[in-house]
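Below you'll find the structures, each written out as structure tokens.
The same chain A turns up in both complexes below, where it pairs with chain B and then with chain C.
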Partner chain A sequence: MLTITSEKENKHDILKLNGEIDASNSVILDEAIQKLAANGSKSILVDGEHLQYISSAGLGVFMSYLEDFQEKEIQLKIFGLSARVYEVFKILGLDQLISIYPTKVEAILD
Partner chain B sequence: MTPQIRIYCRTTALADVRAFLQQTLSGFDLSDKDMIQITLAVEEVCANLIIHSHHCNAKESIDLKIIAGDNKLIFEIKDYGKAFNMLDYEAPNLEEVKGNKRKGGLGIILVRKIMDEIEFESSQGVNTCRLVKWFRS
Partner chain C sequence: MIKLPKIHIGKLSLLLAILVWLALLFVDLVKLFAQINGLDQSITSEFSWVLQILFFLMVYGFYKYSIAKNIQNDFLSLIWRGASTSIFAVSVVTLIKVFYSLLGDSRLANEPFLISFFQHVSFALIIIFLISTAILWQHLILYQKNKRVVKQWQAYEIAMLIGMFYTFINEGELGAGYLFMLVLLCGLALILSGNLKWIPYLTFKEKWKSLLFLAVIIIFGTYLFWSESFITSEGGLTNNLFIITLYFFIISYALFSFLVTLFNLPTSSVFEQKLTEAINFQRLSQSIQPGENEDQVLDILLDSCMSAAYADAAWLEMNSEEYPENFTMERFATHQTILELSKLIETQKVTHDWSGKGKPEEIQPLIIRVDHPNFESILLIPLVINKQLIGRMVLCKEVRDGFNKEMVNIISTFVRQACISVENHRLLNQAIENERYREELKIAKNVQKSLLPTQLDHNEQFEIVAYSNAADEVGGDYYDTYKIDEHHYVLIIGDVSGKGTSAAFNMSQMKGIFQSLIQLDLSPSEFMIKANAALGRCLERNHFITASIFYINTSENTVCHARAGHVPTLFYTSKDDKSTYLEIDGLGLGILRNKQYEMHVEEKTFSYSPDDVLVLYTDGIIEAKDEESNQFGFERLRSLLEINNELSPSQLQSKIIDSLHSFVGGDGMVDDDYSLMVVKFIHSGKKD
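For the complex of A and B:
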């Protein structure tokens, strides 16, 4: 089960993830990010505090936007991941490629 | 009794795989890190089979069995029909995944990083993938 809610905070769009991301629902995450980018967002903050699990399908979604967003100067940052979910990013070394922060404040300030 | 589960080839069954693994593995003294890594690797193999080998045909099934050995756990994943040997597929490097905008390929890298041994065999329409995780005592 995955639910995603989106809210605006100043110039940032915050995507709150709740539940588990796998191959059955990663498309929901993909569409949510795509929609924000299409609407002209320049700063997407992904709130992972209530994300309980992510498989490669979800990691692939984040990876797929890296170059495109760099070109379009859209910032994509993730914050609030639990230790066990962060571990999944670390196995593949994605913690070096994707901007991940402990808290929302740190994500905004950087 | 060997813990086992049969799932049908739809991606929503992946949640059942995770629940089964969590329940079964809680009986072993595993760290949180090992628990999530093993869950990931086994799920990635099942996801590959469901999507690429069985094209999400829910009439087809996959059997997963967990065998405990001395200092190791063996995850045996059987499916039926045309074999999909993920070892035949070259795992992309991360730059490729980034550049090609391809959303797949990461699963294979994960399985290879997490598991200590990966074996495939195919005989008379039964394909068996064995993932082995060693635990140093």
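For the complex of A and C:
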């Protein structure tokens, strides 16, 4: 199960992920990010505090926007990941490519 | 009884009938001759009675046979046969009369032998008419027969047979017995005349025809009766109980049929309608045969509904994905009219409420009034298949309020039945399709299995086992080995993102890349860089592959390795009696599809000693969950190896798989692909 809520805070769009992301629902995450990018958002903050699990398909979604966002100068930051979920990003090496922060404040300040 | 060959029965009885008739004529003429010449009456009248009865039976035999052979349950042709016989008989009798009226008072006119001859001719004709018609009536009476009617008919036949021989008892005299028999036979005939079940099955037109034919039978039959009594004025033939009662039966049944048919005329269209509806319903409920398509059912549906509602125009609108854009089927409505009416329908508020509300299966048919020059009332019926609205049927009538409750009910039933037929058809097709997919997947599974090595390359200095399990039919895990030379071996393990078929395709690409690049004598990190570059061109943008590669040098006792986003490999060192995860950085393959990748991959080398164990695996093991959503995790795997380090590789492998299964619990399945490769170093190399 995955629910995504999106809210705007100043210039930042915050995507709150709640639940688990796997092959069956990764498309929901993809659509949510795509929608924000299409609406002209320049800073997307992903709130992973309530993200319990992410599968390779979910990681694939974040990965697929790397180059695209770099070109369009859209910032994608993730914060609040649990240790377990962060480990998954780290093993794959995505922590080197995506900015991941412990808290929202740090994500905004950086 | 003697069994005669079947084909001869008709001809035989016909021949016999003619012979008997000639004999009867001869006997009667001889009698007449004797009477005129005052000779001794040596021939009794019993003799001609016997011949008469024989004649009856022969005619009966002939017609019984010939009608049974030609009958096709076509009521109209049956009645026509009776009518035509009567016409023939009447015309012959009339010809005789005309002949006599032409003769006037000449001597020939009073010639007793000629009169007797003509009497016998008309007698034969009347008998033929009566008996053949009686047999026709039998077929009509016994239509949709039940036991009771069959019994009645048999009783009547027996009574008639007795009546035939009754002449011998009463000897041409009237009496109480004669009257009793007369009443009994007429009563039976009346009872039988009540069996008229065939009439409702005639169409309106057929009813008119049958009225005509029946009228012919009644009028000509009665005429025959009178003229016969005219010709045989001295009695003899009319006195025969059999002939009189048979007459009564023929005429009464014809009269009953005539009246009932006449009174059935006004309601016959209703009966026809119901019959058509029943037939249509049956056609709709027949499942669609393989090779046919749903359009045929919709075609029948549209026609059936139109005839049930006496609609003047109709069309079907399909709006589901299965049909090309706004598929329609039209009846008596031009494209222009449909457009006009659709517009009128859409403007009605009720239509909006109707199609917009609630579940599709709860939508009721809707009757609306429209202001259109040609049509004034419209009925909308939803077509719901598998709880989905796939379209609607529109019936139009020229009159206002043209649809009543009965029509809506029957149409709803038609629509439901048609939708069920279509649904069943689809389900059947789906089942066949699914079966084919299953077969295809089975093939895919076998192909994929063959992509994983059955023989793992190694020498006597290390043992190796491997195992892979896919969550679905096919999976995205990959492992392989390669022997560079006696002392150099390469192991690889990989995991394709995603699951199932797409993962399986990418896994086979990985195999191709490994088997090609490994020939090029690359270092582990060079291998990853080249593999990344190749996969960058092969994988979809949101797919990636993780892998770990190990170059084992058994002469140096070293392992050089690189990791590309893959779960860290577990290593047990016997020296420290400890198992740890190898720490090395590296980004998954296909994530960065440019030169930058080179900065994200490392290469490390370590030495091993005997009894060290290397465990390569995929994340399916780590991420396997128990009933409370706890992960199997890194620590559980690490300590498992540490505790069981003395086991042989295959034992260790079983141990890990067993604990994984017992962790997941009961009959729970591991929800991801998982693979495992266990390497145990045995002897040290030259340096040792």
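One rule holds for everything that comes next: the second predicted complex is superposed on the first by the 110 of 110 C-alpha atoms of A that agree within 3 Å, B and C clash if a C-alpha of one lies under 4 Å from a C-alpha of the other, contacts with A are read in each partner's own complex, and residues count from 1 in each chain.
Keep in mind that, in the parts below, contacts are C-beta pairs under 8 Å (C-beta built on N, C-alpha and C of every residue); 3 or more make two chains touch, one makes a residue touch a chain.
Fair warning: this is a prediction, and the values are worked out from it, not measured in the lab.
Bringing the complexes onto one copy of chain A puts chain B in a clash with chain C.
Set side by side, chain B and chain C differ in how many residues of chain A they touch, and the one touching more is B. In the superposition on chain A, A:Gln34 contacts neither chain B nor chain C. In the superposition on chain A, A:Thr103 makes contact with neither chain B nor chain C. Using the contact criterion defined above for the overlaid structures, shared-chain residue A:Met63 touches chain B and also reaches chain C.
After overlaying the two complexes on the shared chain, residue contacts for A:Thr3 are found with neither chain B nor chain C. Shared-chain residue A:Ala83: touches chain B; no touch with chain C. Chain A residues 23, 30, 53, 55-57, 59-61, 63-64, 66-67, 84, 91-94, 97 lie at the interface with chain B in one structure and with chain C in the other. Residues of chain A that touch chain B in their complex: 1, 20, 22-24, 26, 30, 53, 55-57, 59-61, 63-64, 66-68, 83-84, 87-88, 91-94, 97. Remark: chain B residues 10-12, 14-15, 18, 32-33, 35-37, 39-40, 43-44, 47, 50-51, 94, 97-99, 101-107, 109-110, 113-114 touch chain A in the complex. Note for the complex: chain A touches chain C at residues 23, 30, 52-53, 55-57, 59-61, 63-64, 66-67, 84, 91-94, 96-97.
By the touch rule above, chain C contacts chain A in their complex via residues 495-500, 541-544, 546, 564-568, 585-588, 591-593, 600, 619, 623, 629, 631, 672.
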